[in-house]
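The structure is given below, and queries will be raised subsequently.
In this document, chain identifiers A, B, C and D correspond to the written order of the chains, with residue numbering beginning at 1 in each.
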Amino acid sequence: MLTKTRRTKITSFSLVVIGLALYLFINEPQTVYGMHIMEGFLPIGWAIFWWAAFLPFFFLGVRALIKITKEHPELKIMLGLAGAFTFVLSALKIPSVTGSSSHPTGTGLGAVMFGPLPMSVLGSIVLLFQAVLLAHGGLTTLGANAFSMALSGPVVGYFIYKSMMKTTGKQKWSIFLAAALADLSTYIVTSVQLALAFPAEQGGFIASFLKFGGIFAITQIPLAISEGILTVLIWNWLQSY
Amino acid sequence: MSTLLETIEVSFSYPASQTKALNKLKLRIPEGKKTAICGHNGSGKSTLFLQAIGIHTPSSGQVLWKNKPLTYERKELKQLRQDVGLVFQDPEQQLILNTPYEDVTYGLRNAAVPEPEITRRAEAILLTLGLEHLAHTPIHHLSLGQKKRVALAGVLVLEPKLLLLDEPTAYLDRISEQQLVEELDRIHSRGITLVMATHDMNLAYSWADWILVMDRGQCVMEGTPAEIFKDSKALNSLGLDRPMLLDLWDALPEASRQGVSAPRNVSDFTTLLQKVFA
Amino acid sequence: MSTLLETIEVSFSYPASQTKALNKLKLRIPEGKKTAICGHNGSGKSTLFLQAIGIHTPSSGQVLWKNKPLTYERKELKQLRQDVGLVFQDPEQQLILNTPYEDVTYGLRNAAVPEPEITRRAEAILLTLGLEHLAHTPIHHLSLGQKKRVALAGVLVLEPKLLLLDEPTAYLDRISEQQLVEELDRIHSRGITLVMATHDMNLAYSWADWILVMDRGQCVMEGTPAEIFKDSKALNSLGLDRPMLLDLWDALPEASRQGVSAPRNVSDFTTLLQKVFA
Amino acid sequence: MMKRIDSLSYKNALRPLSPMWKCGFAVAMLLLSYLTHPAIQAVIAVWMTLWTIGYARVPIKYYLTVIGAACLFFVSSVPALVVEIRPLQALPDIHEVATFTFIDWKLSVTSTGLLLIGKLFVRIIASLSCVSFIMFSTPFSELLQVLHKVRVPKLVLEIMLIMYRFLFILFEIANNMYVAQQSRGGQTGFQNRLKDTAIIIVQMFIKTMQRYKSLSNGLVSRGFTDDIHMAPYRANPVPFRYKLESYIGFTMLLLLEIWLRWNWRSIG
């Protein structure tokens, strides 16, 4: 009995150490690669699946944009600049609540400002830029990343904002939650994608989801909170301007 | 002549570039003087300034502040950035808050100055620079000359010992330029050491009492304006031109120049000409 | 003196602003000359240029191109924007494709020029402006002076009849400025009418053969450089300064100035001085 | 790093080669690396690295930095892939390499997990080497022309074109503002950094909107009406030596894979 409790203590201590080391490693500035699933990581079936799942939305978005830009060609310039802005934002290091830096996805703010459909096109272009200019994310995993970041993030953010504004009318809270939950939904969808592709031997999808979710929670939950606060600050500023 | 800031064999390159922005740079900023650093765009003037406030660290060599090498510790950097004020070329990038008053308080708040003192000091510096009537005007309504003065105010309010100015007169009209130069002279008379990076040789000639010439990350000449501009061949080979006034001065006959030092601004030149012809 | 472009009582305000950017502006651009439009930032120079190529339409008054009022029809605008080339102050504003070669072809493609001729003309203009070695370098790797030359090339390749330049020498160092001015003189000698908006009075004085002075959306003075700068009081009341060379010229005794027109650059002045003292 | 990669893509030794051919080759290799055995994948990784470092003469330092940074995602997901968690009382029916117990749960590293990450690692290295070949050897503007050829919607290309032009300008603005804040004692402490970052983002947003106005004027003055006409696709011929090597290499790898599969089946 005595030996057993001692062993538990030792293992739990070592787990804490490992966890802390891992956490510091992931959270080190410059090296955080967020939630972009890397090149070649997904099995071919899932890579194709997520491409197929994302493309219809992409073309829907493109069609909507073509319609708008036919009437106002100069909006193309606006979209291009908005894309560049989003890209730079996604490469900016933001301070996280835990003290280290991390990258925001910026989709929450974008969705509130531009609406979710244009954001899904812009977001996926930004992901392509990251893949071919920085090797950040990947071409084979572009479908999966676009689904989580360019689609579910903005959609969640946009609808949270709209419904919160309707029910409560509290703008700051709506924006905070829209940005933070857009970030969190990205993180949850990515964990689902990884869990589906790599189910655990014991416990299958659920266990794997908990494992991936647990690891990324360390960086993503503080980041979501920071991004929420940051977005509110930005909103205040834009309004005082 | 005591030295305030010194670089010893400092080399530095930007991550994305193959050429060295600073190449074993050896240079001293004398205390209490008005120094002009001349050179082309890309000769390393701005990079030197970023070294001086510890934003970049040398890849080799040392930067000395008051004869002590920088250690780049957090605390030291904080103090250094209060002692050394840097005014950037483009005020758009330096002005952060919405109105001149708010912007001037930015640095004070970072330095954790108590709030009543912040108000007092901000108001005082705005008054000194003749900006009090604009204190609460949004910055994007100001003219370029006014923006440059606000940027200067935001740095001066921290009472630096050394003031670095990157192309302070770039693109100003001559009237705003004169106002700015007069302002700088007042600041200098309060005992602050001034350094100005410029490629306007007319300005360097009329303003500075010590000149450093930089080229490709090195300091290639140093001396008083008279010494530097004597050697017009060396200047030309660096692609720099001589001040207009000196060219005209040299066109005057030797007899009338004898015994008179070359005039450093238009009004001196005019009085001189009138004397010659009187 | 025939008029190429004329505005008759043109008024215009920007949507968000209360003051009039142009206020019953009456102004003529003479054909075949080098005209400088002087005035402060905000005097309406850039707004005038946007009127001249039909991007803004007057809220009242008329803009005349070759003595015919603009109708702002699609076809007419297309032709107008080929006849009138506008080079903006910030080259980033008008460079869109990735390399100088590609960018120069952009306007030609909009004008539906056939592809082989595009190649020929683009290569020719890059050669003329000394940009052929940079033809395939990405634009974001170029220096400001090079970007300005690319922007100029992109406009010149359309062979405009009138070339409008908004502060072309802003932020350039003196050598790049001289190169640009020489380039402009070559362009002028090919029969293109040039108009430059600037607040650099030294440049306006040495370069232009016709000067317009704008203030608060109106044209308040027009004439040859000699005429304009004679009236230094009027200029000062507008907050503009006189060219440095003229100040020095006026310091010379009347006797030696008699019968000689004022020199417009340093070398003319020097030869003149030497003559006076000879 | 992005600026460095970008300028290498313009200055590397393989830049004159047809962008269509380079992309086609790399994509073919990418597909191959997805369909083949780890042994073949390893060969692909080495061969594509040779193309990038050897033929395109990309400095090995930058190449390794890019590959290494991309692999951080892999490293951080390793624990989730190799560690199995189950209640203590459940029966182990898998081969365990190492185990920990934690209260009522058992954490174990399994041999299948290790095998999985081994295979996964070879695959990601192979596909990374293919994509970084494109990244280092083909400038973005030429990639746009390739995308145009494969019929990506024109609007998407126009947006990408403007984005690429203004990326570097906005980066520079953001960086300059960051430096200016530092020089005035900003960007220290969590609260200040959050506030300062918000300021940068807002200022950048305002500047972006100002650029929108001025850029549309600039383009209209140059005859912009509906479309941004891009330069036509131009390709230089690919030297025979490269063609030969790529075709022979590709065929050999394909044959090797078929042979491996055949043997596997006959053994199995």
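Quick note on the criterion: contacts are C-beta pairs under 8 Å (C-beta built on N, C-alpha and C of every residue); 3 or more make two chains touch, one makes a residue touch a chain.
None of these values were measured; they are calculated from a predicted model.
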For this session: Tell me, please, which two chains come out on top when C-beta pairs in contact are counted per chain pair.
Result: A-D
Exercise. If every chain is reduced to the average of its C-alpha atoms, which one ends up farthest from chain C?
Worked result: A
For this session: Take the average of all CA coordinates in chain A, do the same for chain C, and state the distance between these two points in whole angstrom.
Result: 49
Seminar exercise, completed: Separation of the C-alpha centres, chain A versus chain D, in whole Å, is 18
Exercise. Chain C to chain D: how many Å between their CA centres?
Worked result: 46
Exercise. Using the touch rule from the top of the page, what residues of chain B touch 2 or more other chains?
Worked result: none
Problem set entry | Two or more partner chains touched - positions in chain A | 241
Problem set entry | Interface hub residues of chain D, defined as touching at least two other chains | 1, 6-7, 140, 161-162, 164-165, 169, 199, 211, 215, 219-220, 224-225, 228
Exercise. Which bits of chain D are touching chain A when the two form their complex?
Worked result: 1-2, 5-6, 30, 33-35, 66-67, 69-77, 79-81, 83-86, 90, 94, 100-103, 110, 112-113, 116, 120, 123-128, 131-132, 134-135, 140, 143, 153, 155-156, 158-167, 169-171, 174, 190, 193-195, 197-202, 204-206, 208-209, 211-212, 215-216, 219-220, 224-228
For this session: Write out the stretch or stretches of chain D touching chain C in their complex.
Result: 6-7, 10, 139-141, 161-162, 164-165, 168-169, 211, 214-215, 217-225, 228-232
Seminar exercise, completed: Seen from chain B, its contact residues with chain D in the complex are 15-16, 50, 53, 55, 74, 78, 81-82, 86, 88, 90, 92-94, 96-97, 106-107, 110-111, 154-155, 158
Problem set entry | chain C-touching residues of chain B, taken from the complex the two chains share | 40-42, 143-144, 170-171, 173-175, 199-201, 239, 241, 244, 247-248, 250-253, 266, 269-270, 273-274, 277
Problem set entry | Residues of chain A touching chain D in the complex | 7-8, 11-12, 14-15, 22, 25-26, 31-33, 36-41, 44, 47, 62, 65-66, 69-70, 73-74, 76-85, 87-89, 91-92, 94-95, 97, 99, 121-122, 125, 128-129, 131-136, 138-140, 194, 198, 200-203, 207-208, 210-212, 214-216, 226, 229-230, 233-234, 237-238, 241
